[in-house]
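Questions regarding the structure given below will be posed in turn.
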Amino acid sequence: MTGWTPDELMTVNAARALAGARTCFVGIGLPSAAANLARRTAQPELVLVYESGALGAKPSRLPLSIGDGELADTADAVVSVPEMFNYWLQAGRIDVGFLGAAQLDRYANINTTAVDRGPDRPEGRLPGAGGAPEIAASCGAVLIVLRHSTRNMVDRLDFVTSVGHGSGPRDRSRLGLLGKGPVAVITDLGILRPDPGTAELTLTEVHPGVTVEQVRAATGWPLKIAGTVAVTGPPTPAELAALRAMKAA
Amino acid sequence: MTGWTPDELMTVNAARALAGARTCFVGIGLPSAAANLARRTAQPELVLVYESGALGAKPSRLPLSIGDGELADTADAVVSVPEMFNYWLQAGRIDVGFLGAAQLDRYANINTTAVDRGPDRPEGRLPGAGGAPEIAASCGAVLIVLRHSTRNMVDRLDFVTSVGHGSGPRDRSRLGLLGKGPVAVITDLGILRPDPGTAELTLTEVHPGVTVEQVRAATGWPLKIAGTVAVTGPPTPAELAALRAMKAA
Amino acid sequence: MAELATLREAVAELIHDGDVVAMEGFTHLIPFAAAHEVIRQGLADLTLVRMTPDVVYDQLIGAGAARKLVFSWGGNPGVGSLHRFRDAVENGWPHPLEVDEHSHAGMANRYVAGASGLPFAVVRAYRGTDLASRTSTVSTVTCPFTGEKLAAVAALNPDVTVIHAQQADRAGNVQLWGLTGVQKEAALAARRVLVTVEEIVDRLTPRPGGVVLPGWAITAVAEVPGGAHPSYAAGYSVRDNGFYQAWDAVSRDRDTFTAWIRDNILERP
Amino acid sequence: MAELATLREAVAELIHDGDVVAMEGFTHLIPFAAAHEVIRQGLADLTLVRMTPDVVYDQLIGAGAARKLVFSWGGNPGVGSLHRFRDAVENGWPHPLEVDEHSHAGMANRYVAGASGLPFAVVRAYRGTDLASRTSTVSTVTCPFTGEKLAAVAALNPDVTVIHAQQADRAGNVQLWGLTGVQKEAALAARRVLVTVEEIVDRLTPRPGGVVLPGWAITAVAEVPGGAHPSYAAGYSVRDNGFYQAWDAVSRDRDTFTAWIRDNILERP
C-alpha cells in the first residue's frame, strides 16, 4: 500500500471533491469510479443517479456501462429515461453533476462531439453529447475529471458540447443555466478551480510529487496559478484499499 | 323479462353503438354502463380505457367512480394520469370516446361547466370539464349518451366545454381536432346523428313506443327529422339480463 | 432525507395560511386525514389545487380554508354535486371562492411542467372551447417547425403538495401502487412535500405497479393508518362508497355540514 | 391485437428500404437479433434513430444499411469508439452517413413529443452549446407566461420502432422490466412497432418495475430467445461485457468487420 498511480490520485481526489453532496448525477468512466469510491469511503449516504434511470444505485462493482443490470437491481427507484431527464435532472433536483471531457477549455467548457484534425483531414468524431449538456446546465454544481494533457486541455474548443462558464463569470446567468457550473476540475496532476472573479480555471492544488511546471506544460493555454498552490493529501490506505477492491471486483 | 325502462333502452342502444370499436375511452356514469354492457354482450374484446389510468379494465361490477380499485386490478396496464392524457388520448390512439353531457346543442357541442340561471341569480355550477374536451377532440369518433329533455338539449349552450361539430361541418378540421367528432347521440327517446352535409343532429331512430313528436317536444331547438325514422330494435333478453346483472352486482 | 413526524407536526410545519396547496390522489389514495388536520389547525386563505376536488375539498371549502380553487372536475364521483363547492362559488358561503378551471389534460400537464422545471407545457387542448376565456393560465404557442398553434398551460408549482401512500421506510422513501394518478408530478412540482402513509416499514419491497419516491425528494412523512378514508389505499382498504353517497345529504345543508365538521373533525383529534 | 410472427416475417413485413427506424434499449434490452435480420435481408438507405447507437448500430452502419443517423451518444459504453460509425462519418465508408445529433434530453423529449401526438417538445437544453448549429430539429419557443426562451425539439415519429422485451402473451401484450429506458415512448411514437421477446407466455404476471404495452398498440411480436445478446434481458441473461470489449478489435478494421458480419450474421439465419 505504498505508492499509487496518477489515475489513483485523480480518482481519490475526485471522490473527495464530492464532500457535502447529497446526490450526484454520474457519468460513466472516471466519474463513476470517483462517485462510487466516495460512497465506499467518506459518504456512504451519497445518492448515485445514472442517466439510464437508476436513482440511488448501489453497485457492488464498477459498472462497465451506465446500463449494467446491477444499477437497476440496487436502485431505490428506477424511472424512464425521459422522466430522469425531465423530472430529476432538468428540474434542478441533483446537487452535483460529475462529468468527464475529451476537450476542456479555460472556462471549463466541454467538447465531446468532434475534433478538428487540420484542413486536409475530416473532422474526428467523438461520441457526442449524451446527457452532458443538461447535466452541466442543471445540477447544483459540476465536477469534471479528466487526464491532463495539451491534447485535452485546449486553448479553444473545436465544438462546445456542454457549457462550463462560457466566456466569463456572467455567462451562466445570461444563458439562464440553473446551477453554478463547474467548481473543480480534477486531473491526474492536480486540481483547477474557477477564479471567483473571472471564472477562469486556476491551478489551486497539485498532487504529491507533481510540480507546477509539469501542470503548466500539460495545459494548452497559459495556465493561471493560484497565489498559494497546495498539495493534495496523499491517498489514505483506506481510500486506496477501497479503490483497488472496487476495480478488482 | 318483458318490458324495460327508458334508461335501459338508452343503455342498450348506447352499448350497441360501440359496434366495430376496438378501444373506448369511458366516462363515468351512463357511458361506463354502456361500455361495460357492450363488453359483456356483443364485444367481449372491447378495450375499456378509464382516465384514472386503467388501460383494458375488466370490472366485474359497475364502478361507482373512475378510480375504483377493481379498474386497476383488472387492467392490462395501469399508467399515470399524465401518460394517459398525453400518450394514449392526445396521440389519437383510442377509437371511440364515450361521453355524457349536462347540456348539448344541435351540433353536439357539450356544456358540463356552468349554466345561466337568469339575470338575478348566480350562474349554476356543474362539475367542469374533466377529461371531456380532449376526449371529444382526440378520439377517432365520439358517442354521447344523455337523458332527453329541453333542459339538457338546448338551443344555445351557456358554456362550451367540449366541441362536437362547432357550428358546422368544417369546424373540426378548422380547429385541428383529430377525430371525426360525435357520430351518435343516444338518449332515452332515440338516436340523433349528425347530418352528413350540415353536421346538425338529426333524429334517425326512436326507441320502441316513442313517437317523433315526443322527441321533438323534449328537444330545445327545432329538431331536424330524418326522412325515414327507424325504430331501434328492442333490447334482447340477453342484453337485458346482462345489464340487470351488472347493475345488481 | 424526509423527516418522520406526526401529522400534527408536519401540517403545522409545512402548511401556512395563504399557501398554494395541492392534495392529489385520483379517487384512490386521497389524503383525507391531512385535509382534516388542516381544518383542525384553522388554516385559511389557501389556494387549493387538485384535478378532482372531490369530497375532500368540499370539506375544506365548506370549512372556510380556501380562497381559491384550481381544478378540472368538481363533483362527487358517481353521486352528484359537491354542495359546499357550489355554495361557495354560487353564493360566496362561507366566503367567495375564486376558481381557475382547466381540463384534466391541462391540469395534468401543468403539474408535469412544474415537475420538469419548465414554465409551461404544450397541449393539444382547449381548442374551440370557452375554457380559455375564464383563466389566465392558458395561452398559445406556435410550433417553430410546423407553424401549428397549440395550447400552452402555465406550470403549477404548489408551495406544498400532500399525498397519501401505502408505505414508507425509515429513511422516508415512499411507495404507492394501484392507481397512482398524478401524484408523482404533483409532489415533484412542489416546494415542500408531505406524505401520509398507511404504515412505516423497515424496508420497502418493490411491488408491481409500484411508484417509489426517494426520501430526499420528500420533506416529511407521517404515519396515518386509514388516512385516505373514505377514499382507499389498495392493499389496505376499499373505497367507502357508502360514505360518498351519504355525503350528499350531509353537505347539502350548511348547518348539517357544520355540525358534521365539528363532530367528526374539530372535536376528534 | 399484435400479430405473432417469426422475426424474418416481421422484419420483411414492417421494415422497408428508406424507412426511419428506431431500435431502442438503453444498454439493456437492445434488439440485436432484429438488427441482424435487417442486415440479412439487405435493407438499405435507412434513417437509424437511437439515443445511444452502441454496437448494434455500428454493425448496421458498417454493413451499409444506413443513410442517416439520429442520435445523442455514439460510443461503445465503457470501451471506446464505435469504429464503423466513425469510419462512415469521417471517411464515408461503406458510404457517407448524414447525422442529426442531439443531447439525451433532446432525443428523449423528441420521442415524448412523438408519443404524445405533438409536433415538438419544450426543453431547458442546448443553451450556450454548438449543438443547435448542426441540426434543423432544434429551435426556440418563448413562454407566453414568463417570456423565457426555451429550446424546442421536433417530434420523432419513426416509421418503425423495434424493441426487445422479456415477455409477451398470446394476444401480443408485452412486458419489460429492469431499465426500461425510452422504449415506451419510442414504441408509441412510431407508425409500426415490432417487439422481439425472450418468451411468449400464456399470461403476463405483473412484475415490480414492469412496463406493459397492450397488444393493440403493437404491430407484431416475434419470439427470439437471447435476442438482445450481447446486451441483456434482466431475469434472462447478463450483459456480455466481453463481447463489447472484443468488438473494439473486430470493428477497428474493415476487413475483419466484414468477415465478422459474413460469418456471424449473413451465413447464420
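Letters A, B, C and D name the chains as they come in the text, with residue numbers starting at 1 for each one.
The rule is short, and it goes like this: a contact is a pair of C-beta atoms (placed from the backbone, for glycine too) under 8 Å apart; a residue touches a chain by one contact, two chains touch by 3 or more.
Since the model is a prediction, treat every value here as computed from it, not as a measurement.
Any chain bridging subunit A and subunit C, meaning touching each of them, is among D; the list is complete. With steps allowed only between chains in touch, the distance from subunit A over to subunit B comes to 2.
Looking at A-D alongside B-D, one finds more C-beta pairs in contact between the chains of A-D. If you average the Cα atoms of subunit B and of subunit D, the two centres end up 40 Å apart. Subunit B and subunit C, compared by their mean Cα positions, are separated by 28 Å.
The set of subunit C residues that touch two or more partner chains comprises 112, 117-118, 123-124, 148, 184-185, 209.
Residue numbers of subunit B whose C-beta contacts span two or more other chains: 86, 90, 138, 178.
Listed by chain label, the pairs that touch are A-C, A-D, B-C, B-D, C-D.
For subunit A in complex with subunit D, the touching residues are 28-29, 51-54, 63-69, 71-73, 78, 80-82, 85-86, 89-90, 113, 122-125, 127-134, 137-138, 159-163, 166, 171, 175-178. Within the complex, the subunit A residues that touch subunit C are 22-23, 47, 55-56, 76-77, 86-87, 90-93, 138, 178.
The part of subunit D that touches subunit B in the complex is made up of residues 112, 115-118, 173, 184-185, 188, 212-214, 216-217.
Across the complex, subunit C meets subunit B through its residues 26-28, 51-52, 71-75, 77-79, 81-82, 85-86, 89-91, 101-105, 108-109, 111-112, 123-131, 148-149, 178-182, 184-185, 209, 211, 232, 234, 238-239, 241, 244. Across the complex, subunit D is touched by residues 117-124, 137, 139-146, 148, 150, 152, 154, 206-210 of subunit C.
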